[in-house]
Every structure is written in structure tokens, then in C-alpha cells.
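One chain, chain A, links the two complexes that follow: it is found with chain B in the first and with chain C in the second.
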Partner chain A sequence: MNPELRNILLENSDEIIQDWMDDLKNSKLKEYKSAVSEDLIEQVNREFVNVIFSKLTDEKTSESLEQLSERIVNLGWPLGYLTEGMQSFRSICIRKIIEEVNRDDHEFFLEVMDGVNNWVDPVKNELINKYSTNWTNIISLQKVALQELSAPLIPVMEGITVMPLVGTIDTDRAKLIMENLLDGVIKHRADVVLIDITGVPVVDTMVAHHIIQAAEAVRLIGATCILVGIRPEIAQTIVNLGIDLSKFPTKSSLKRGFEKALELTEREVVSTNEETGKVVDELISSIDKE
Partner chain B sequence: MRIPILKLQNYLLVSVQIELDDQTAMQFQEDLLNKIHSTGATGVVVDLTSVEIIDSFIAKVLGDVVSMAELMGAKVVFTGIQPAVSMTLIDLGIHLQNVQTALDLEQGLIKLKQELEEK
Partner chain C sequence: MKGALTNVPITKEWDIVGARQSGRNMARDLGFGSVDQARIATAISELARNIYLYAGSGEVSFEEVQGEAPVGIKIIASDNGPGIKDITKVMEDGYSTSGGLGAGLPGVKRLMDDFDMESNEEGTKITIVKWLR
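Let's look at the complex of A and B:
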């Protein structure tokens, strides 16, 4: 920037800051006030002003700027507040310079504009970049978390595993489900896999197709698939859509599916308390007598 | 290259250790049927653990072997089909409806025994 302009800005820095703070307080802040406390705003604004003025004298202040932007991102301020604040800061600076230097020509005005823009914009860009990087990070983290949650396989007993599905199933997820299912069957040496669709809100032809494919694939690697958690409305849609699920067993609840799985693996649940069994036997025999 | 077919009591064990091409698959079909004929075996376990690729032709040949062996009175169980292979087959629309499968050789033998006892 032109040294002359720079000096003007530096000389009037206190006034500019005061004007800016007032401006923010009067107009821009109101919308965001509920999100942040006033003291904090004041404090961060001061910090920001310090950084931006030191940027004016010294080009190499990127470190403190980085720290500041990181702080602002962590505070979670709305981006709109930042951009509005920067804009008002810019216009106040331009106005100040033009007031100080009483020249009326076109070229001078352009020079001031360019100078201030070149000064403020990099800072603004830095802040916005920080924000978007932060968002991208969050999104990718959530994606990973979602993927981990999307197709869990739980070995409940030797030879029996359960895959509870929650949420909508699309093609990508169906692929992931199938991969996890097959790898899990091999890993846990499962004889029977229960796919629980209690948490799947809608079963249309596509979802049914994916489930059938998964079940067929499971059969090919040598295990049996049982579809459980079929709610009444899902049974209705499946029949109305003409989907054929007769190739593998289906059950209404995980409980009944598990009983079926035990039956398939030739096991059963017995009570360890013989007393209860005796009592029931006695009851039955006494009823028979009567 | 021929695939060795081993006899264990009245079962035949086949472990496919090479990638199947069309020629080998046809040869295998012929060999297996001959072996069933000569030994009078009642059950066959075909282990596909080390097979990475099964295309539609091989799948058809394998499916045919099952039907043919059945005609000759021998039950066939395929074991150890890899997840990737199974996914590819399903994607190709090959469901191998008439084929019995098991997780590994051990499970395959158990399954075969059960099936033969049921009859």
C-alpha cells in the first residue's frame, strides 16, 4: 500500500477502531447477539483489530492471524457476522482516508479502494478458509463415524451373528453392508446370520433387491440368512410390490428369528432351574386329573 | 492341468488350487463324473477357497456338475467360496440355486453327512 495512505490509517487507527466498534454494536451485532456474550465479542474484536493493524505495518503476521482465526472458528461464531464485520471495517477505513485527504479525483479514490482491499481481503480469505477447512474436517469425520455405524456385525453366539440395520439403505450402503456381512461371516465362522431391519424406515423394491442379493451371497459362502424385524407395514409393501422373499426364512422379530437360528444350528434354550419345570409339570398333571 | 480328485471312504474331495479356465473346468467335469462312476461315491465336496475368479461360464459348468452328479446319485457341496467371488456371482445374476454350500471343508462334510442320512 501507498506509504502515505498507510500513515493516515495508522494515525487514525484509534478513531477507526472506535467507529467500527460502534458500528458493530449498533447494527450488525443484533442478529447474532444471542449466540455470543458481549464481553467476548469486545475482546475478540480488539484482538482482531490488533492483528489487522500489525498486518498493515508488517507483512509477516500470519502466525498471529492463524491463531486468531483458529480461536474464532473454535468459538463457533457465525460466518455471516465475520463477513459483515469485515465489510463494515473496510468501508470505515476507506471513508476515513477520504475524509482526511481532501482530494476529489477519481483516480485517488480507486487507489484508496485498491489499497484497503489488498490489505483487508487476505485476512478475510484466511478466516473464511479456516472456516471451510474446519467444516470439511467435521464432515469427513462424521462420514467415517457414519460408516462405522452403518453396518455393524455382532456375534451373539457361536455360529450365530446379528446385523442390525438402522436408517435408509442406498446403493453405496448396500454394498458396504454386503461386504461387511460376507467378511463377518467368514471371520466369525457363522452358520446363521440374522439381518434385523426393524430400524429401516422404508423397504422399497431397491432395498428389497439389495437384501435379497446379500442373502444370496451369504448362501453362496455357505451360511444361512434370516431376515428379521419385518413390521406389518413392511410386510404389506413387500407383498404389494410383488417382491419374492420366499427363498430365505423371514421372521417378525429378532427373538423369533433367534429361535429359528437355534433350530437351524440344532440347539435350544433350556431352563437351568429344574424347580420351575417340576412345578409346571405338577400343575399340568393336576389339571389332567381334574 | 488337471484337478486332483481324492477319495475318502464314500466321499470325494476336490480342492481347486488353480485358477479355473474353461478348458480345466470342462476337464474337471468329465473327470469328476468318471470318478463318481468308478468309485460309486455318494458325496462330493468341492473346496473353492483359493479360487479368486469365477466367471459366468465356470459358474454354469459348476452348476451343471452338481445336476449331473445328482443324476448319478452323488450329492455335491461347494465350500469356501470367497466373499468377493460370491459378490461377483450375485452381481452377474448367477444364483446357483441348486447348489449346496458350506463355510469350509469341515462344515461341508458335516452337511453332506446330514443330507445323506436324511435320505
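Let's look at the complex of A and C:
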């Protein structure tokens, strides 16, 4: 920036800061910051002013700027508050310079504009970039987290594994389900796999298609697939859609599916004590009612 | 809320979820039972997926209507895609150009009460209605 302009800014820095703080207090930005204490806002705003003015005298203050922007991102302030605050800072600075220097030609005005913009914009960009990288990070982390709980395969006993599916199945998840299913069947040497769709909100033709394909693939590697957890309304929509699920057994609940799986592997649950056996049966049936 | 119109643009696969969520919410607000809600959500899912798969982008809109019954939900799925070449064929069970089950459109027709389709080179518009009985 033109040294002359820079000196004006530095000489009037106290006044600019005061104006800016007042402006922030009076503006509609108030609605943003109901959850944050006034002191904290003032403290951070002062810090910001220090950083931006030191940027004016010394170009190499990117480290303190980075620290500040990281702090602001961690505070979780709305981006709108920052950009509006920055905008008002810019206009106050421009106004101040124009008031101080008594010239009103276009050339001068443009010079002031460019100078101030070149000073404020990098700071603004830095902050916005910090915000957006932070968001992208969060999104990618959540994607990973979601993928981790996407399609778990649980071996319940020798030869029997369960895959509970929760949530919407899209193309990516369908692929993952198929891979996990086949890997798991081989790894756990499963004879029967129960796919539980209790937590799948909508079964349309695509979801059904993927399930049928998965079941068919499981059949090809020598295991049996049982589809369980079909809620009554899902059963009706499947019938309405005209989807043929007759190629593999289906059951309403995981419990029934498990009984079927035991039957297929020629086993049954026997109680070692008749009394406790009854109690357990009652318990199970009472859970089933719920 | 009467006559209220909501639009959900479809451009990504996840928009399908958004479309059927808003459709399901509207159906619930109108008083549809859980079975009908599932039917409506499934039908929206099919139509929105068709938009995503074949046209790339489009939109699904919802509207409350009166007619055969005091209350109904009308869903319009429209796109500017290449259109459907053979309308009679797509309404046959088991016909699919993408290796799917081919149950989508005929299934939607069975899930809903009214079904209407217009399609030419400039796009496709499918209107479906479910009445609250």
C-alpha cells in the first residue's frame, strides 16, 4: 500500500478500532452472537484488530493470523458474522482515509479502495479458507465414520452370521454390503447369513435389486441367505412393486430367522434346566412382543 | 398448508433421500397411515431415482389436492432428460434398459391411485396421486 495511506491508517488506528467496535455493537450482527459472551467477542475482536494492523506494517504475520483464524473456527462463530464484520471494517477504513485526505478525484478514491482491499482481503480469504477446510474435514471424517458402521457382519455362532442394515442404501453402500457379505461369509465360514433390514426405511426396486444380487452371490459361494426384519408396510410395498423375493427364505424378525438358520444347520437350542428354560423362553417371547 | 407446493431438486444420489423424506413428512401431516407413507415414500424413491439415473437432474414437487377424496397428495416428477422412447414398454413388468429389476414404473402405478406420464424428446413428467381414504 501507498506509505502515505498506511500512515493515515496507523495514526488513526485507535479511532478506527473504536468506530469498528461501536459499529459491531450497534449493527444487526447482534442476532448472531446471542450464545457468546460480550467479553469474549470484544477480546477476539481486539485480537483480530491487532493482527490486521500488524499486517499493515509487516507482511510476515501469517503465523499469528493462522493462530487467530484457528481460534475463531474453534469458537464456531457463524461465517456471516465474520464476513459482515470484515466488510464494515473495510468501509470504516476507507471512510477514514477519505475524511483525512481532502481530495475527491476518482483516481485517489480508486487508489484507496485498492490499497484497503489488498490489505483486508488476504485476511478475509485466510479466514474463509480456514472455515471451509474445517467443514470439508468434518464431512470427510463423518463419511469415514458412517462407512465404519455401514455394513458390519456379526458372527453369532458357528456357521451363522448376521448383517444388520440401518439407514438408506445407496449405490456405494450396496457395493460395500456385497463386499463385506462375501468376505465375511468366507472368513467366518458361514453356512447361513441373516440380512436384517429392520432399520432400512424404504425398500424400492433398487434396494431390492441389490439385496437379491447379494443373496444370489452368497448362494454362489455355497451359503444361504435369509432376509429378516421385513416390516408389514415394507412387505406390502414389495408386493405392490411386484418384486420377486421367493428365491431365498424371508422372515419377519431376526428371532424367526435365527430359528430357521438353526434348522438349516441341523441344530436347535436346548435348555439344560427345564425351569430356567421356561423362564428364558418367556423372557424371549416378552421381548418379541415389544 | 393447503395447496402448498414444495420442490426438491434432484441432482445427486442423496437428493433421493431428501425427496422421499419431505414426501413422507407431508404424507404424515396429511394424515396418511404408516403403510401408505411407506408406499408414497417408495414411489417417490423410484421416480427420483429414475430422474437421477436417466435424466441426470430434475425435480420432484409435492402438492396437496382435493378430488376423489377430500385429501390427497400429488407428486410431480419432472426432468429435461432424453425422454422415454417406448411408453408402453416401460409400463411392462421386467422391462429395464439399465439391468435393473424393471419393476419401477409399473410398481409405482400399483403403489399409487392415479398415474399419468408425459414424455417426449424434451423431457418426462410423471404425475402421481394418492388419496387419503
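Please note the rule applied: the second predicted complex is superposed on the first by the 272 of 290 C-alpha atoms of A that agree within 3 Å, B and C clash if a C-alpha of one lies under 4 Å from a C-alpha of the other, contacts with A are read in each partner's own complex, and residues count from 1 in each chain.
Criterion: a residue touches a chain if its C-beta (ideal position, glycine included) is under 8 Å from a C-beta of that chain, and two chains touch if they have at least 3 such contacts.
These figures come from a predicted structure and were not determined experimentally.
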item	value
Fit or clash - chain C, chain B, common chain A	fit
First (chain B), second (chain C), both or neither touched by A:Met206	second
Touched partner set for A:Asp114, first chain B, second chain C, both or neither	neither
First, second, both or neither for A:Asp281, with chain B first and chain C second	neither
First (chain B), second (chain C), both or neither touched by A:Glu15	neither
Chain B versus chain C as contact partner of A:Gly242, first or second or both or neither	second
Which of chain B and chain C A:Met178 touches, first, second, both or neither	first
Which of chain B and chain C A:Gly222 touches, first, second, both or neither	first
Minimal inter-chain CA distance - chain C and chain B, angstrom	9
Set intersection of chain A contacts, chain C complex versus chain B complex	none
Touching residues on chain B, where the partner in the complex is chain A	78-83, 85-87, 89-91, 95-96, 101-104, 107-108
Interface residues, chain A side, partner chain C - complex	168, 170-171, 201-206, 208-209, 212, 232-234, 236-237, 240-243
Residue ranges of chain A touching chain B (in the complex, touch as defined)	178-179, 182-183, 185-186, 189-191, 213, 216-223
Of all residues in chain C, those that touch chain A in their complex	13-14, 16-17, 20, 34-35, 37-39, 41-42, 45-46, 49, 93, 100-101, 103-104, 106-107, 110-111
